[in-house]
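The structures considered in this document are given below.
One chain, chain A, appears in both complexes that follow, with chain B as partner in the first and chain C in the second.
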Partner chain A sequence: MSGFKLALQNNKVLQLSLLAAFVLVSALSVYLTSRSVIAFILLLGSLLLLYYTSLSNGMKWAVAGLLLILVIPFATAGGPSHESYMEVATQCGIYVAMALGLNIVVGFAGLLDLGFVAFFAIGAYTYGIFATGQANNFIPGDLFPLSGDYFWVFIILGGIMAAIFGVLLGLPVLRVKGDYLAIVTLGFGEIVRIIFNNLEKPVNITNGAMGLSSISPPNLFGLQFTFPHQFYFIVLGILAVVIFGVRRFEHSRIGRSWKAVRENEIAAQSMGIPLIRTKLTAFAIGASFSGLMGVVFAAKQTFIDPSSFTLLESTTILVMVVLGGMGSVPGVILGAVLVTLLNLQVLAEFTGWLNQLSMQGIITLPNALSPVKMQRFIFGAILILIAIFRPHGLISARNRKIPLSQVKEGEAHEHPERSRTSQKVRRVNGS
Partner chain B sequence: MLSSILSSLPQVLIDGLALGAIYAVVALGYTMVYGILELINFAHGEVFMTGAFVGTATLFIFDDAGFLSSAPGWIVYFLVILISMIITGLLGVLIERIAYRPLRRAPKLISLISAIGVSFVLQDLIRFIAELITGNYIVSGISLFRGTFELGTSSLSSTFNDSFVKNNTFIIIGVAILLMLALDLFVNRTKWGVAMRAVAQDRETASLMSINVNKVIVLTFFIGSALGGATGVLFAQQYGTIDPYIGYILGLKAFTAAVLGGIGNIRGAMFGGLAIGLLEMFASANLGLITHGNFGSEYKDVFAFAILILVLIFKPEGLFGRAVKEKV
Partner chain C sequence: MNILSVQGLVKKFGGLMAVNGVDYAFERGKISAVIGPNGAGKTTFFNMITGIYVPDAGSIELDGKSIVRVKPDKITDQGIARTFQNIRLFGSMTVLENVMVGMHIHLKAGILSTLLNLPLVRREEKETMHEAYRLLEYVGLASLYNEEAASLPYGAQRRLEIARALAAKPKVLLLDEPAAGMNPRETNELTDLIRRIQREREISIILIEHDMKLVMGLSDHILVLDHGEKIAEGNPEDIRANPKVIEAYLGKSALQDEEVMPI
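Let's look at the complex of A and B:
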């Protein structure tokens, strides 16, 4: 057994063929069975296996792309529940992007944000208000609803709006840290929800608790996006950009500043890190990911109301980040997928199964105990257990190591810049 | 407009006072724990809610046993508060033992996350129990002192209307003052109170002075949670209907009160609670009037949070707190 393990660790071909066999089996079982949650989860699990292979990074991305673009859509296309699988996969994608956004704020910069869903709501309402007749109430000219062609612009706009609000939230809380920050963001999330819930007077902007309905679906050169399997590809595209962006940010100058601020604010500041700018960019970038997906969410549901943006949602996203591992990109992706599957599939299936059992009279189950209602309990328990036993999450974050030789080599290039900085310092001191 | 605001003022003041007293006592729980552990006990709002449910359940049990009709109301009230205080106090100790003590040396973010977890677990546990027993998680309890009392405030000045006071309002204000006085005496005059203040000032030095730090922390959690539980009973008596999610918003406002008064400062928390309660009642009564119906009383929660944010920006140490210098 240990010999096999060793062989597996060293042999890429063996790994790849095992992975291929796994994908083949799980894809076939998804394809052939009409509706099997387990097979679908196994198929998604192949992505996790892929992560643990010793392939090169580029290779991993290529295989992952292949799996996500070709294998998963085709494998699920077999049965009548194609759309419901795709719906789940789309939701997973939306939550992954949001969790990655929150990960920037909580994981990288160490600022606990408990009102994160507010940015999602801002993104969703940005599209919702203009893609329904709602905007006619405050903009004259009967221009609205905008057609689905504008969806693509609004993805960007939603991100920008959310980023602006991220900065607006960030500005007052800059002087606040740690626990206070958590409470203020909690209050902010609640304020945003209350405002969306009541902004029907004096001008009807959000249509209050009734919500916005019949939001125009996206439209690309005459092709209407209405089915989950179409949204799946939109989400996949955005997700690719988001993941690429997060990875670039993580190892950039700003990413390292975030981590420095997380470890010790005062020490980071005395090392010359601009505290305000660093924190605000974390808020803005994190929020913008959430805003992007808010637009997609609004277009996918074609109906939004304030009840989709409660504290429970914010906490769900926090659970994803904490479960996966704060600050760890692969971990957060894993956490987001796990929690979404738990929420949408496992709990629902389990409840259905229990209901069946009690219908047949095998067990009697009080309605209060039905697992679908136990979300809060499960999430709370996950938070406590992870905090006590595994504070770094399922896949803990690792800092990238740079070999010493490379550092020495780089020093020659660094020098001119360093002297420039010191000149600047001297100039500041002199004046 | 001004005259109608003025005419409702006595009613607003009395209702605000009752609400403020509730906020103040809940805020004490936040402030005590923060003073000692520098941790926001996110679950405190849920402890308050548990107190409300325990009180209501006890009343139901008394009612079934026929105790309610045979004993005088104030004895029942006293017993209910006492039972609720003991149970929530023990709950607070349990929470500390399970979710906070293992993390005392961990980074703050981690213990905060654990605290949020506790609050969610409690909400769902109470919902589950309530739903299992009564079939619905929104519970209407038995009110002990149902009568109202007309206060002739119009005789003071013709601008005021008469105001109506629930009998329970007097009890709330009385009990709250009693609890706060007792706590103030306890913290300032007894040996354990001295130990508590010592631990809040410097935990390690206190432990060198032969103070059992763990015991003091357990005691703090017990007292803070018991105060929360007692307020829960008062709240349930005043407003009649409770559900497992009342603790979260109320906890947030009580926390605002604690911050307003300077967190860690017991007398500050009392003042902050009263201020927030009065402001909220004023906003909920007059906001629609002032803005000509454009922004109704739905925005009263926004007010409380806006105060919180303003205080944190301009005077983060609160009205009565002292600013603390921070070192690396």
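Let's look at the complex of A and C:
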């Protein structure tokens, strides 16, 4: 057994073939069964397996791209549940982007934000108001609704709007710290929701609690995006940009200044890092990720109302970040996917199964323990268990280890041979 | 020529006069020490120079330019870097990253250029890494560059703070009790390091220290504070013989007893 483990650790071909076998089996079972949550989760799990292989980074991205663009859409296309699978995958993608945004604020900069969904709402309403007749109420000329062609511009606009509101919120709020900041942001989240709920008088901007309906679906060269499997690719594209951006920031001058502020404000300031500006940047960039996805959400649902942006949503996103591992990009992605799957599929399936059992009279559940109520209970229990056994998250944040050849000037590039021999020497010494 | 001068500097905390009307001028390129018993106001004095506290009265001038009410990060921009009495490293970051943060003010990468990963940014990152590694070699921590800063032994953490401060390429380096908690061997190494910094990098150094052997051995000039007031200044020999200083450290009775010479 240990011999096999060792072989697995060092052999990339073996890893890759095992991964391929796993993908094949899970993809086939998704394809052949009409609707199997387990098979679908296993198929998504192949991405996690891929993360733990010892392939090079570029290779991992290539395989992940292949899985996400080809394997998953085709495997789910087999049965009648195609769209529902794709819907779940799209939701996962939306939450991953939001969780990555919140991770910048909470994980990197250490600012606890309990009202993060506000930025998602701002993105959604930015598109919602102009892609329905709503904007005619305050802009003369009967120009609206804008057609779905504008959706692509609005993705960017939604991000920018969210970033602007991030700065506006941050300016007064970032003078307070820790628990106080958490409470003020919580208030901000609620204020935004309540404003959207009431901004129908004196000028009807948001249509209040009635919400905005028939929002124009995206349109690209005459192709209308209405199905989940189409949105899946939009989300995938945005997500690629978001992940790329986060990874850039993480190990840059900006990312370092966020972490420095998180670790010690006074020391960070004494190293020349302007506190307020650094925190504002984190707020704005984090918020913009959420705003981008808000636009997609509005276009996908074609209907939005303030009830989609409650405090529960903010805490759910925070749970994704904490559960996955604060400050850890792969962890946060895993956390977001896991929580979304739990909420949308696993728990729903489980309660459905319990309902069925009790209806058939196999088990009898008292009313107080009705399956629907159990759903939140089980979710909470899972969170507590993870908090106890993995307090730093599922994949905790690790520091980047830089090889000596990169930090030492002129070693790797000017003398490739020397560095290769020195590597060899090191290996000999090590064994 | 003076690099840094303070005049009539006052800081009150409620009814306590932490620093009370101190005048002093620090000479360019020299090592100066600020000494005094616990609670004399030394760290408060440093905190005013670095902008963490705003003085209630008085002036602070760096190179003839007032830095009163300037934000700490801007003061670093103008050429003052410091270390802390209670070590303030970025604990969960690596040793190398700590020094790279120190170079913040000299880097240009912005949001957009970082996002686009422009060649300028990549080159800057590479150079930052090299420079940070050179600084770690300079203070003798190069082999630990990938370690988490919080995992370092105490003495190494103090040296890392110095490396981080040097990364800002300051004109004036403030060291707040750099030898606290060090054993004699580490203190000797530190003494060498401070002297090397002054000589090779042409940085004016101001240090707060309780280790009198280190202070007397290193300093060109000493300022003595007690209860927030300046009670003496001068070169080490003057200070050692100054009755006011001996009184402040050991009480009045020590003055009568000729054999007890603490410093």
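Here, the second predicted complex is superposed on the first by the 379 of 431 C-alpha atoms of A that agree within 3 Å, B and C clash if a C-alpha of one lies under 4 Å from a C-alpha of the other, contacts with A are read in each partner's own complex, and residues count from 1 in each chain.
Convention: contacts are C-beta pairs under 8 Å (C-beta built on N, C-alpha and C of every residue); 3 or more make two chains touch, one makes a residue touch a chain.
Computed from a predicted structure; not experimentally measured.
Judged by the touch definition given at the top, the superposed model places A:Ile285 against chain C, while chain B stays out of reach. By the touch criterion stated above, A:Asn264 is placed in contact with chain B and with chain C alike. When the shared chain is aligned, chain C comes close enough to touch A:Arg253, but chain B does not.
In the superposition on chain A, A:Ala381 makes contact with chain B only, while chain C stays out of contact range. Of the two partner chains, chain B is the only one that A:Asp179 touches; chain C does not reach it. When the two complexes are overlaid, the chain among chain B and chain C that reaches more residues of chain A is B. When both complexes are overlaid on chain A, the residue A:Val322 reaches chain B alone and has no touch with chain C.
Looking at the shared chain after the overlay, A:Asn10 reaches neither chain B nor chain C.
By the touch criterion stated above, A:Lys408 is placed in contact with chain C alone, chain B being left untouched.
The residues of chain A shared by its contacts with chain B and with chain C are 264, 266-267, 270.
Chain A makes touch with chain C in their complex at residues 245, 248-249, 251-254, 256-257, 259-260, 263-264, 266-275, 281, 285, 397, 399-402, 406-409.
Partner chain A is touched in their complex by these residues of chain B: 34, 38-40, 98-99, 102-103, 106-114, 116-125, 127-128, 131-132, 137, 248-249, 252, 255-256, 259, 293-296, 298-299, 301-302, 305-306, 308-309, 312-313, 316, 326-328.
Taken in their complex, chain A has these residues touching chain B: 106, 110, 112, 114, 172-173, 175-176, 178-180, 182-184, 186-188, 190-191, 194-195, 197-198, 201-202, 264, 266-267, 270, 311, 315, 318, 322, 326, 366-369, 373-377, 379-388, 391. Taken in their complex, chain C has these residues touching chain A: 50, 52, 71-74, 76-77, 81-82, 84, 88-94, 96-97, 100-102, 104-105, 107, 109-111, 114-115, 117, 121, 124-126, 128-130, 132-134, 145-146, 148, 164, 167-168.
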